[in-house]
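You will see two complexes here that share chain A, one where it goes with chain B and one where it goes with chain C.
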Partner chain A sequence: MLNALRVLILSLLLAGCTKDIDYQTLTIPYSTDIRGFDPAFATDLRTGKVISLLYDNLVRFDLDMNLVPGAAKHWSVSADGRKYTFIIRNNIRFHNGDLLTVDDIIVSFERILNPQTSSPQTWLLDRITGAKEYLQGYTDSVRGLTVINDSTLTIELDEPFSPFIQYLAMPATAIINKNEMEHLTNIPAGSGPWKLDKWERDGEILFTRNIDYWDGSPKIEHLRIRILSEIMTQSAEFEAGSLDIYEVPKGELEYWRDKDYNKKEENELIIRYVGMNCSRPPFDNIYLRKAMNYAIDREKIIHILLNGSATITSGPVPPRFLTGEVRTQYEYNPGKAINLLKKAGYKNGLNTELYVAGGSEMFHVLEALQSDWAAVGINVEIKRSDWNVFKTAVREGKPDLYYLDWYADYPDGENFLYPLFHSKESMTKRNRFSDPDVDAIIEKIQRLPDNAERQSLIVEANNMIADKAPWVFLWHSKTTYLTQKWIGGFRPSPIFNAQRYTLVTKQIGP
Partner chain B sequence: MIRYFINRLLQAIPVLFGVIIITFILMYVIPGDPVVSMVGERYSEETIQRLREEMHLNDPVPIQFIRYVGNVLKGDFGKSFITGEPVTVIIMEKFPNTMMLAVVAMIFAVLIGVSLGMISSISPGSILDRGIMILALAGISAPVFWVGLILVLVVGVMLQWLPPTGFGGIEYIILPALTLGLRSAAYLARLTRSTMLEVLSQDYIRTARSKGLPEWKVFLKHAFPNTLIPVITVIGTDFGSYLSGAVLTESIFGWPGMGRLALEAILKRDFPVIQGTVLFMAVMFVMVNVIVDLLYGVIDPRIRMERTGKQ
Partner chain C sequence: MIKAMKDPGIIIGLSFVLLITIMGIFAPWIAPQAPNSQTLEFRHKPPGFSGKVVNYRLAPNLPYITIAIKKISIENDNIIVTDKLDRQLQIAIKNLEGGRFETGIKSITFWLGTDQFGRDILSRIIHGARISLTIGFSASLIALVIGVILGALAGINGGRIDTIIMRLTDIMFGFPTLLFLIGITAAMEPSLNVVFMAVGLVTWPGMARLVRGQVMQLKHMEYVQSAKALGFSKTTILLKHILPNSLAPIIVTFTLGIAGAIMAEASLSFLGLGAQPPTPSWGAMINSSKDYLRIAPWASLAPGTAIAMAVLGFNLLGDSVRDLLDPTMKKG
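This part shows the complex of A and B:
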């Protein structure tokens, strides 16, 4: 039979099926497909990444997380922090040739807020003056969006809110061609560095470079995103040379360590944690929450189980957003954990459950945590379920404990505070943590422009939250990227939508 | 014949109705919430409520059910919760891929399975026969994902004879089709061998041999046609399930077919897509079975006569 197979395969090969490396096309894998090309529904990382290839925003992030000009060549903020003025470039063309105008921007933003659109991303723009009325359907336009002239636009907010400018770099605030808004799920209408060729659902997404792109055409002609849901398949394809860039799964680090590929490591803007339900027993007890934190040996897990691919936490905020020395508040101290447990009234330990989403590559790590907790008398049973069931349970506040992570939407310490710990968010979708001091400091951070005072408040909030221990703070992960020998100019970025592959080259030779 | 065909199709209606009911109930019984897959992390409660309203998820389940059945009867299978595209469009995009894979897999299965079974039956008990039967046993027992990964690694990565995975020209379909067809091939090999051995011991074969017919003629002309019935039977059962998509094979090879569509829809609780694909798969399964039934009659006149006799 093998012989028969061989003959069959060889004969097909002779028929001319061999494939050489295509130096005109950069190929990268995604593990699941995107939702489409409509910015209004870009709620997941992959869709967001694709939106950033196809569209422009007023501003965007570069690979080093700096906020840089996009469709707006300049912008300024009024002294009271409420009014933003943007000067728009007059040389940007959409992929169909239409000129990008101030009107396109207004229409794109109003579309997100329009109740007919049903976008889940209204939070990005609902602080604009008049946005709430518009969202309710009371008005026909958003008062705070004003066209001054052909190239000037102002946006007025109800309150000073410093993260707003970063919101404008998010996928949902991408600028859409107002004349082509009909079929955005399938047909993008942007002005970005890549044009869509084809979307074969669950197969691949093909792009051609926008040779006239105002910020410089991508160096490589085509970009191909392949949807490969199996990690094993991705790794086989990379080894066969048909993928150019490969994000190494945590479990495979050892395997790839000494292989002859170019390697790039990036500290991701991510925190992994175990959320504890702070609004009901047993984890409404702060001593117990601290005991959970002291009981685990993070250093050892990072070193042995994660092959060093993570850094220790000082609280929720990643070290890049913290000034001064960063150190952990919770060293490994099982003795202290046992004492705290007694103080909390659990002399004989306790039994509880940890919810985990299925498909997590972290089960061996969770088992290590489980055994560390068991050593001090906290018996944690791990409950797995699929992602949707897990997310629904977390949203409804069902689990006492759950393992989850948080990726940055935009590079700001505030993004690791408000959405996770402000009572408005935490009480409705996360671990039911509510603390007036924490709320107050977060709100203050949101009002202040980026200055020394704000930076020190972020440090303060980070330490305050670490001290109240609403989570078991685990670690910030690093990601290793491998690239083929023929790939040049690739640099990973910690911000998901900063990567536009415009500088990547693919050629023979070193 | 035509009456029989129509009868069979009519019989399928309660089956399909049952499928609709069961899928519907299952979707509302399993935990999870479709809205959660749609809204990301920063949604507001109003967004959730608005989406629920729009998707009619706030209506009582019986009303949702009646509306759904009504729409299905009008040929409207709804729109995906996730992408907003009509379910029929999504299915029609995937089905040709699945069909292609299923057909090629079935061709592989028949070619490999039947020829190996025939070879095996030439000299039962020989080393060749035993070798083939062990191989067939291995083929039946080996898990699909394992076979797939081994093919990817050996043929795609180590030997580099074919692209490991992907979708496109003829070179891409060979490995997934082999993976998918191998089990049927193994089963067919065993079935063909046993059918052949049974037939070869019958009187009319002895007569043929005693007439002095060359052995190959006895084999191919007199014995072989008898294997068509088991072949058709296997095609009937396996082809139907291939058409419903092969989740594992499709996942390993990055093949954009019905199996992955259904899996993704289930993971995201995309109710209209789940309902649409399950119903479509059921229709396919019923159709294949009806066709196979008809083929029996074409191949074997005895079955045809029996049938007409009854009516």
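This part shows the complex of A and C:
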């Protein structure tokens, strides 16, 4: 009976979806639409991904997260770590045929910093010498950006800051054609491997390959991104063969486990967490914060609810950036949680609220956490609200508890420390955590170039933060990608903007 | 009465309504499990599945938790449980449910299967009936009170008061109901209290119009005219002579209103604007299991059927009662 029902539902879903496969077009789904093609406003993952298809940066990440040359052929850093010199390629053309020049780069960077652009991404470039004055409108140009000759550019920073070179691979630092900056939201002006054909809002985004791309033309002629908000629609479309690459939602893993598709799993650079407001009662109490961490059975939740597609945390930093053995500080220990709760002065338990944004994937596990906390006497009421309301509440420090996740902007352990735990950031935007030792170690990491000392400092910072428990550390998620049998050359990447689909092929037979 | 029994509508309607009412009132006694008790290991089990669990609490004043058992052994005052992840767990026998081995370890059957957290769907449906009924009645009651007062005021007074009240109801009718509800609930912090207030405040115009019509019609009846001639006040006439005689259509509208309110609550909870997790509201149940439609269709099918039964029940009941009370319908 139930099987018959399943077949019925499936056939209803699939009816009318089957059609001939178009071997010239690679089709992938997004669950929500992008904001536009203006790099200055590319703050979300999906927009950032699309920007990386359309534009070039000075440097970029390859699929294995290595920093590789982009528009810059070579680069070098001065001994004091303050001055970067870039040699620019002279054979890159924008989609309209204009040559990419050093001027385009200067104009693009100044545009991000220009107060009139009101970009939320100025933090990427405001460490350049003179950027602060320019940001406030005191000067007409940024002193630290200097053209040496037609193909050489130097960037000078106020202080040595090692993550800077990775900032230059971010969507907001993409290079824009200086002659076409008028309507960037709707009309991109880049030089990337794909050219835009059409953007139909909440429908689809169509691209054609840039056949003259300097780094080799994409193998498939067209790329089509379809906006499909429902999980069920996406998976039915994939089954019907209308989608080529498909990111399996956590809840559907059970369904796809034994199906005959090419499967690739990737550890994402992400941490999911519950933030606790550390500067006011009740969560200013470290024993209570630790109790929250000990009370939940991560192992069971990952194994059963997430179908094993996550790894346990040792702190905020993903294991990939930690050297040596990674151990979990907070194993499931409800007895310890109860003792800590007593020590914190909550003998009879406590009632609190957890804020979460509606529609979050977290609803697949949230109630299990709630139940684990209730078992030790912490009664958590879930408050769901719209994403914008939620984001404002978090920024203003309103919630005692909130669920969020953090995706890496660039592949560096530092990206899981400074923006989340440095008091300058946390006290103004996040869960109001402030600790002078943590601040000091993060600042030290930012000054050091990538070496063994820096790596061990990242481990130290990770353990230090885990010990102070400003969050309930949940897990690092994995993503499973399925591809149709006619797709070749696809490899997932942990960093969001490394995937440009240039090597993917689509043909009958292997 | 005999005539009523011949009408299949009233029989079906009444039995659905009775079933749901009994479920709602006696939920804690008839539900086989606690509605929010999770056994993660029993995630997405089909209807009829049974499994062995241990029920225990960590300390005397804490709630009970349930885990599935793979192996079990007794050691002095403790039991050693091996869970499905092959982890060993030591539990003091005094912390088991009922304080004894026999009461703490049991086999439970999930007659309607389990949802994604291994909760018993049947128990959640039964407890959900309570929420649906409460919301349905209280929202309808709010609509009834506002509708009757405004309708009666408009009908008895006529003139400018009538015009003002009726234009107000026209304005209210102008809004699409569900959209209006979504707007109200989205602006407030989502909770069930907001839902029933909102539903009540949005659905009264129908009642107001009906009552006004009744009052206008009865106002000219001879017995009302004579009461007026005897010098009774407007209030007395309204309360003693007019309203008792318009009770039948009011009851019918009230009953149909319950069905509408149940539907509205389910819709809002489905959209995440009503009941918050883990509250077992039917709409919220469908929402949280819709992503697993292909893995565990029963998890959304069961609350869907419950909603359909409740709405159908109250609608059939309302319709049949109207037919019975309306003399003009009998001939047709």
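Quick note on the criterion: the second predicted complex is superposed on the first by the 490 of 510 C-alpha atoms of A that agree within 3 Å, B and C clash if a C-alpha of one lies under 4 Å from a C-alpha of the other, contacts with A are read in each partner's own complex, and residues count from 1 in each chain.
Rule of thumb we're sticking to: a residue touches a chain if its C-beta (ideal position, glycine included) is under 8 Å from a C-beta of that chain, and two chains touch if they have at least 3 such contacts.
Everything quoted here is computed from the prediction, not taken from an experiment.
J.: Quick one: is A:375 in contact with chain B, with chain C, with both, or with neither? Answer first, second, both or neither.
T.: second
J.: Considering only the touch criterion stated at the top, classify A:233 as touching first (chain B), second (chain C), both, or neither.
T.: After superposition on chain A, A:233 lies in contact with chain B alone.
J.: Which partner does A:115 reach: the first (chain B), the second (chain C), both, or neither?
T.: The answer is first: A:115 touches chain B but not chain C.
J.: A:23 in the overlay: touching chain B, chain C, both, or neither? Say first, second, both or neither.
T.: After superposing on A, A:23 lies clear of both chain B and chain C.
J.: Check whether chain B or chain C contacts more residues of chain A in the superposed model.
T.: Here the partner covering more residues of chain A is B.
J.: Is A:386 in contact with chain B, with chain C, with both, or with neither (first, second, both, neither)?
T.: both
J.: After superposition on the shared chain, which partner residues are touched by A:242: those of chain B (first), chain C (second), both, or neither?
T.: first
J.: Do chain B and chain C land on any of the same chain A residues, and which?
T.: Chain A residues touching both partners: 5, 9-10, 232, 385-386.
J.: Give every residue of chain A touching chain B within the complex, in rising order.
T.: That would be residues 1, 4-5, 8-10, 12-13, 17, 19, 32-33, 35-36, 41, 43-44, 115, 118-123, 135, 185-186, 200-204, 226-230, 232-233, 236-237, 239-240, 242, 385-389, 391-393, 395, 409, 419, 428-429 of chain A.
J.: Chain A touches which residues of chain B in the complex?
T.: Touching chain A from chain B are residues 30-34, 36-47, 50-51, 54, 82-85, 90, 93-94, 112, 115-116, 132, 135, 149, 152-153, 155-157, 160-167, 169-171, 174, 178, 251-257, 260-261, 264, 267-269.
J.: Would you tell me which residues of chain A are touching chain C in their complex?
T.: The touching residues are 2, 5-6, 9-10, 231-232, 235, 249, 251-252, 254-255, 299-301, 303-305, 334-335, 338, 348-349, 358-359, 363-364, 366-368, 370-371, 374-377, 381-386.
J.: Write out the stretch or stretches of chain C touching chain A in their complex.
T.: Contacts found on chain C: 36, 38, 40-41, 43-44, 46, 57-59, 61-63, 65, 83, 85, 87, 116-117, 186, 189-190, 272, 276-278, 288, 290-295, 297-298.
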